[in-house]
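Dumping the structure here so I can ask a few things about it.
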Amino acid sequence: MNAASPYFGQIINLLAAILLLLSFAMLSQRRILSLIDLFMAQGAVLCASTAVVAYATGQNHLYVSAGITLLLKVMLLPWILHRLIRRLNVKWDVETLINIPTTMLIGIVLVIFAFNLALPISQLAGTITRSTLGIAMAAVLLAFLMMITRSKAVPQVIGFLSMENGLFFAATSATYGMPMVVELGIALDVLVGMVILGVFFFQIREQFDSLDIRHLEQLKDD
Amino acid sequence: MNANLAAGILLQFLELIAALVLAPLLSGWVNQCRALLQNRSAPPLMLPYRQIAKLFEKEVVLAGNASSLFRAAPYIIFACMALASLIVPTLSTDLPFAAAADAIALVGIFALARVFIALAGMDVGTSFGSLGARREMLIGFLAEPALLMVFFTTSLISQSTSLAIIVETLGHREFAIYPSLAFAGVAFTMVSLAENARVPVDNPTTHLELTMIHEAMILEYSGRHLALIEWAASLKLYAYSCIGLALFFPWGIPQGVGIETLLIAMPALLFKLAVGGVILALIETLSAKMRIFRAPEFLGTAFLLAVLAMLVHLLLEAGK
Amino acid sequence: MEFLFVLGIPLLGGLVLALTGHRRVAAEINAVFSLLTFLAAAVLTKRIIDDGPQRFFDEQFFIDSFNVFLVALTAFVGFTTSIFSRPYMRIEHEHGRLTSGRLRLYHSMFQMFMFTMLLALTTNNMGILWVAMEAATLTTVLLVSLYRTAASLEAAWKYFILCGVGIAQALFGTILLYFAAEKVLGHQGSALLWTHLDAVKGQLEPTVLSLAFVFLLVGYGTKVGLVPLHNWLPDAHAEGPTPVSAVLSGLLLNVALYAVVRCKVLADGALQSNLASLLMMGFGMLSVVVAAFALSRQKDIKRLFGYSSIEHMGIITFAFGMGGPVANFAGLLHMTVHSLTKSAIFFAVGHAAQKSGTQVIDNIRGLIKVSPTVGWGLLLGSLAILGMPPFGVFASEFLILTTAMKQQPWATPFLLMALGVAFASIFGKVQPMVFGDTTVKRLPHPPALLPVFAHLVLVLVLGLWIPPYLADWYRTAAKLIG
Amino acid sequence: MQDALAAPLAIDWLLALVLCWLLLGLAGMVAQRNLRYVARTLFPLGAAVGLAIAGVAFAALGEVPETVVLPLGLPDLPFHLRLDSLSALFLVILGGIAAGISIYAAGYLRKGEGTAPGLQCLQYHIFLASMALVLLADDAYAFMVAWELMALSSFFLVTSDHRNPEIRRAGYLYLLIAHIGAIGILLSFGVLQGGNDMAASNGVSDYTFAHMRMMHPDGFWATAAFGLALFGFGAKAGLVPLHVWLPEAHPAAPSPVSAMMSAVMLKTAIYGFLRVSFDLLQTRLWWWGVVVLMLGLFTALFGVIFSAVQTDMKRLLAYSSIENIGLLFVGIGLALTFDGFDMTILAALALTAVLYHCLNHAAFKSLLFLATGAVLHATKERSLGKLGGLIHKMPWVAWLSLLGVLASAGLPPLNGFVSEWLLLQSFLFTPGLPHGYINMLIPVAAAAVALTAAIAGYAMVKFFGIIFLGQPREERLAEAHDAGLLERIAMIWLGGLCVALGIFPVFVIEQLDAVTQLLVGTGLGAAVRSGGWLLLAPVSENRASYEPLVFLLVILAVGAATFMLVRRFWHGRVRITGAWDCGWTLQSARMQDTSEGFGQPLRQVFSPFYRMTREEPGSFDKAPRYSIVVEDHFWYWLYLPVARAADMGTRMVAFLQQGRISVYLLYSFVTLIVLLFLIRG
């Protein structure tokens, strides 16, 4: 392992902070296109941090990983989403089930919880990125929260993808990435999943004339 | 031993004959006493004999619907009552047949007779017959356990359910006050009244079908059948009287077998029966017949008293 | 070699059917591929029995006594399901519920689903396990939404989102696992290999492992259908085509539980505490009780049996949670018999619903008159799943309950209550469906119910006599699980 | 086992015979609809097998226990089977009664009633075989498999006329309670095999009964095992308040099946309870006996009180079965109490009463159920209110069921009286107990038993009188016909058993000796043998004695003598005419007591026991209607609240599944957070 330069550590911490910030921004975002932009930004930050870690530690496969992230999350998925929005004429507003200040408050509590949770583990880590594990976990939980509070299909999916980002970030920050074969598999799954989702959007719209998931509440016990 | 057994069997027969002969007499005696107590002119003492004889002479009038059970029942009932009077020690406690049935079996015999008379009552299919049967069974299911409890009390005292042993134990103990026996005695009296269709539960001389119990069941009987049933009824009264006497006034029933003992036992029995008949007539005169729905309460009380007798025995007397 | 076939045949089948799936013979092709997979699995099983555990391809794959029987079971149920689906899907097609294109999708995805299941079972790499599970979700999402009705889309959407999110948690757990393993095994590919992890599990960091196990349990537990992560399950079971319900209940849940148990083995080794056991028992218990109570209000027959699957997964989870040779043995046995029985039930239900033209319980009546075989199949299947001897489900429930009485007496009142309620609900609904009068005409030809009765006979045999090699196998696996 | 190959043991014979039953059942599937083949060939063969089983088992009474291990079952737990005196006795009951009922069924099966005869044949023989296996099982697994198989096969038999929703409901209730009871038994075995000594079991589970006998659980666990067994076996036996299935299932089933269930299946529950409480549990506490005694008393009273007010003849008998089960539990309770105080001879007396009553009840209840079957076939009517006067049309059935009725009412000299007598005798010995309260309780209990027996007489008079006596209440009863030859043979066999068991108690008790020796270590054999074969004196002649044969002979002799004397001295003239109408000529068959009317006194006396719904006409009703429905309080006090609670539970659970994906995600989220929080804490 290279002698870790403190600069790299600080850069990564900075990127982590930005990631978290972006997560919060997504949580509070009301417009759908901005949401996609924020998601793209998050992908970019992820890509950057992966590249930095790769450079700092000399783990060459992380470059590949960064490349995949760039391709998939910064370019391909936002493009697909944009196209979908246009093709489906989705309304630009994002409706939430809980109002945004409350969501933010819950989010803050979650962040504190995640930090607290990650603290003992971070101390065990020997990586230069160890303090970012808590942030990764917070990002996952915030994305989860976002999925809960959004009532439309597209934002929910963005939340899902954002969660994936958090996971990727955790993988790079905690362990310098997973084995290559696993990463490839994960990427493939995400891609296929996205394609399927795209097909789904069309079908749901065809059936319900809207992408509001409140239409999807017919199957229940009574 | 063999001579003893032969004497025993002879005695057993004597008991049976005595029962068969004395039973109608007892009925007649009670009727006479009652008439006297009620300021009526008394029927002759021998009237029951004459009635039975008259009925035997008469032809049997059967309802068209009567089944063979109806015709067999009088014989079965009569046989049951005869067996009962064989078992109850009246003249001696050393009876060979006594081992055949103990107190519980005795209750069983009465129940058997009751079931048959009730079934016979239902057989023809008139409304009164089944009404009587139902009422008889109602009386029976309350009286039977009460009677059993009375026997249990005495069995607990004597540590045996064999009637002969009970009578021996009770008759030969040193004189002591058994409060349990007092309770049991009252219960037994009440049960006897009900079981023998006497006032206050039933009225043996009624002619109003709606109030009948025993009479309602045998409305369809006539001729020799009726004679047997009447005779069986008086046998039952006799048997109950003897049981009461044996349990609560056992003095005078000898253990051994012999002419001399018989000479004591026979007068003693006659005297006790005569007194018992007077008391029965007195009770019947002093009380009024109850509505049929009061009968369960009456018998329930008897049942409770009998259970109390057992409890009293366990509480006060056990371990002495 | 056999191993390659086991994975290769379904993959190839998926590709072939992607091209030919719309033809009339597709169903037969599907069945042939499934049969070949089953044969390969059988040969592989034979080899494992003879030679002991094996590893393939640089230890990327391995077969031990735990997963080999699941491989065989998966291949077998896949095969019988393909037989069942042949006439079933054809009739659906004739009724106009499916176009040829959809049939192609169905056949292709069926084989792909089998592939992902077998991959998940045989891989040694915890990461690949995750990938395979996710892929299984994707294929089944397509299968569940096959009819493209409003309800099936809704069910598929819920399935996708809930399981997607769930399985994302599992990925986080896997990352944490890797994080812990890396310290011991170094930063190479082998750090995610289960065999290696198992060898060093005592040295793994307990704090990380406990965290990882929670994420893994929540993640894979969602796919198992553990309450309160179960909400997708009844919808997906009810709205997909019946063969899919059969494989979801019979196979997917098993595989997900398999993943949970693999993780539990590691967690137990690392934690030196009974945290994993407690969590699994808690989830198991909750699933059993909640599912049992949910049963009685169901109006849809497939939904009903979906809940029943939750209940049984709860029982198995509880058994593995208790641990020990007997409970693990019982858990494995229960996995086998539940898989066989539940798929048999779904086959029978499929025919029943198809004949009656509805899945609503109240509208299905007098099956025994319409078709005695379907009626008896459904009735016997239901009795078997309710734990009536001499069926095998009883054998495992017997062991689980008596062990619970010994080890976890607190749980038995709940189990007693839940089993009673479940019995009352399911039997109360199935009995009038099977018995009684109906206006529907008797079928001219009895439907081919070979798969139903083949499964039931197997379950019956397992209740009365477990073949010695199978018993050995269970025992070794039970020891492995610990 | 080597010798077993050389000379087959009794248990091997039994197994072979049980296998014969199974094969006969399977043979029925060959030609399901061929009535002649199934009914006239297979069922009589089954009866022969039953007789053989009874014979072999009878020979095995008192012999050394034999065991055999079958290569079936779970790994490490093959089916263990064992034949000892207890199982042999119940096998005798099974075989003997099955012989009668199979013969009856051979004549009873008709075309076109519910399930095909061949399938019924299979279910029936599986039912028989599973009962035999329950009695032979020597490990928990084999026992449970046989036990549930018994429930299942009988369920199918009960619902053989499944087109009737009432019958389906009855079957459902039956199987549900049976299943819940079975889980109770299973848990009881779980406690028994583990004991409280975890170390001794060494993590390995051993479910054989032999292992359980070696466990000595402490008081708490022993009580748990006992309580669970009481619950489980009580549910099967029909112990109040778990009895509700019984009066539903028995009437629903075809009559031979009702007979089998009531006569033998309920006894298997008694067998199981005896097995667990006296054989497997090596720790026994005296107060269990008191609990069982109280439960039994209540059951007996409850059963008989309801029995007397029923208007359906099979329900009447079903409630009467509840009563008899109650009496059996009373006896078991007494035996447990005595045993708890180490008064083994008295325990043996009470147990003898229990076992004897098992035999008796099996004989007379099957006889009565078969009689109802014959009536049902002849009249298509189960309701007492529409029967009557059948003694003229069906004399065979009537007279044979009179035997059953008298036995059931506990009247001497038939068999019912003997066991009742023994039971009352054991009460009389109770005051020796070293515990004051129990001593006070016993007289009350004895009184209740006496009351029960007396009301049973009431119910039986009602049963017989309303069905067979009086005038036919419906026109079409005139077309009734007597039972066929096979049915008659069966009923004669069972009636003969009633008489034989009543007349030769000494012989029977000598055989029961082996069983009580096994369970409490002592028996009455020596005592009764010393009195000679005629005199039944269980303890000593001075304490109590009973000679049923003398009893019978005296009654017969007196009766015959009276008859002859009356004929000799008087005449035999008879005139047939109409019945006495009190001068009111409008008497009709409708004016006889109805079954409701016959039950009226009891409804009056025991009104708090019943839940009655009356419909009474007012004074000006144009079409007056009177009806009364008598129901069970327990249904409203226990079962409906439980059902309501379960329903509330389901509503709460349904609330979880609302259809909103956000809520579902929230569940996952909260679960995750809670778990993370927990492991941090």
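For reference, chains read A, B, C and D in written order, and residue numbers begin at 1 within each chain.
Operating definition for what follows: a residue touches a chain if its C-beta (ideal position, glycine included) is under 8 Å from a C-beta of that chain, and two chains touch if they have at least 3 such contacts.
Just so we're clear, the structure is a prediction, and the values are computed from it rather than from any experiment.
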Chain pair bearing the highest count of C-beta contacts: B-D
Chain whose Cα centroid lies at the greatest distance from that of chain A: B
Distance between the centres, which are taken as Cα means, of chain B and chain A, whole angstrom: 100
Gap in Å, rounded to a whole number, between the CA centres of chain C and chain A: 31
Centroid distance [mean C-alpha coordinates] between chain C and chain B, Å: 78
Computed distance of Cα centres, chain D from chain B, in Å: 36
Contacts with two or more other chains, residues of chain A listed in rising order: 117, 144, 147, 156, 213, 216-219, 221-222
Per-residue multi-chain contacts in chain D, two or more chains: 653-654, 656-657, 661, 665, 668, 672, 676
Residue list for chain B, restricted to those that touch at least two other chains: none
Chain-to-chain touches, reported pairwise for every pair that qualifies: A-C, A-D, B-D, C-D
Residues of chain C defined as touching chain D within the complex: 157-158, 161-162, 165-166, 169, 210-211, 214-215, 217-218, 222, 227-229, 231-232, 234, 275, 279, 290, 293-297, 324-326, 368, 383, 386-390, 394-395, 398-399, 401-406, 409, 412, 416, 419-421, 423-424, 427-428, 431-432, 435-437, 463-466, 468, 471, 474-475
Footprint of chain C on chain A - complex, ascending: 59, 117, 120-121, 124-126, 137, 140, 144, 147, 153, 156, 160, 163-164, 167, 170-171, 174-176, 178-182, 185-186, 188-189, 192-193, 196-197, 200, 203-204, 207-208, 213, 215-219, 221-222
Parts of chain C lying in touch with chain A, wherever the complex brings them together: 125, 127-128, 130-131, 134-135, 138, 141-142, 145, 148-151, 153-158, 160-161, 164-165, 168, 171-172, 174-176, 178-179, 182-183, 187-189, 191-192, 205, 207-208, 211, 234-235, 238-239, 294, 297-298
Contact set on chain A toward chain D in their complex: 97, 113, 116-117, 141, 144-145, 147-151, 156, 213-214, 216-222
Partner chain A, residues of chain D touching it in the complex: 653-654, 656-662, 665-666, 668-669, 672-673, 676-677, 680
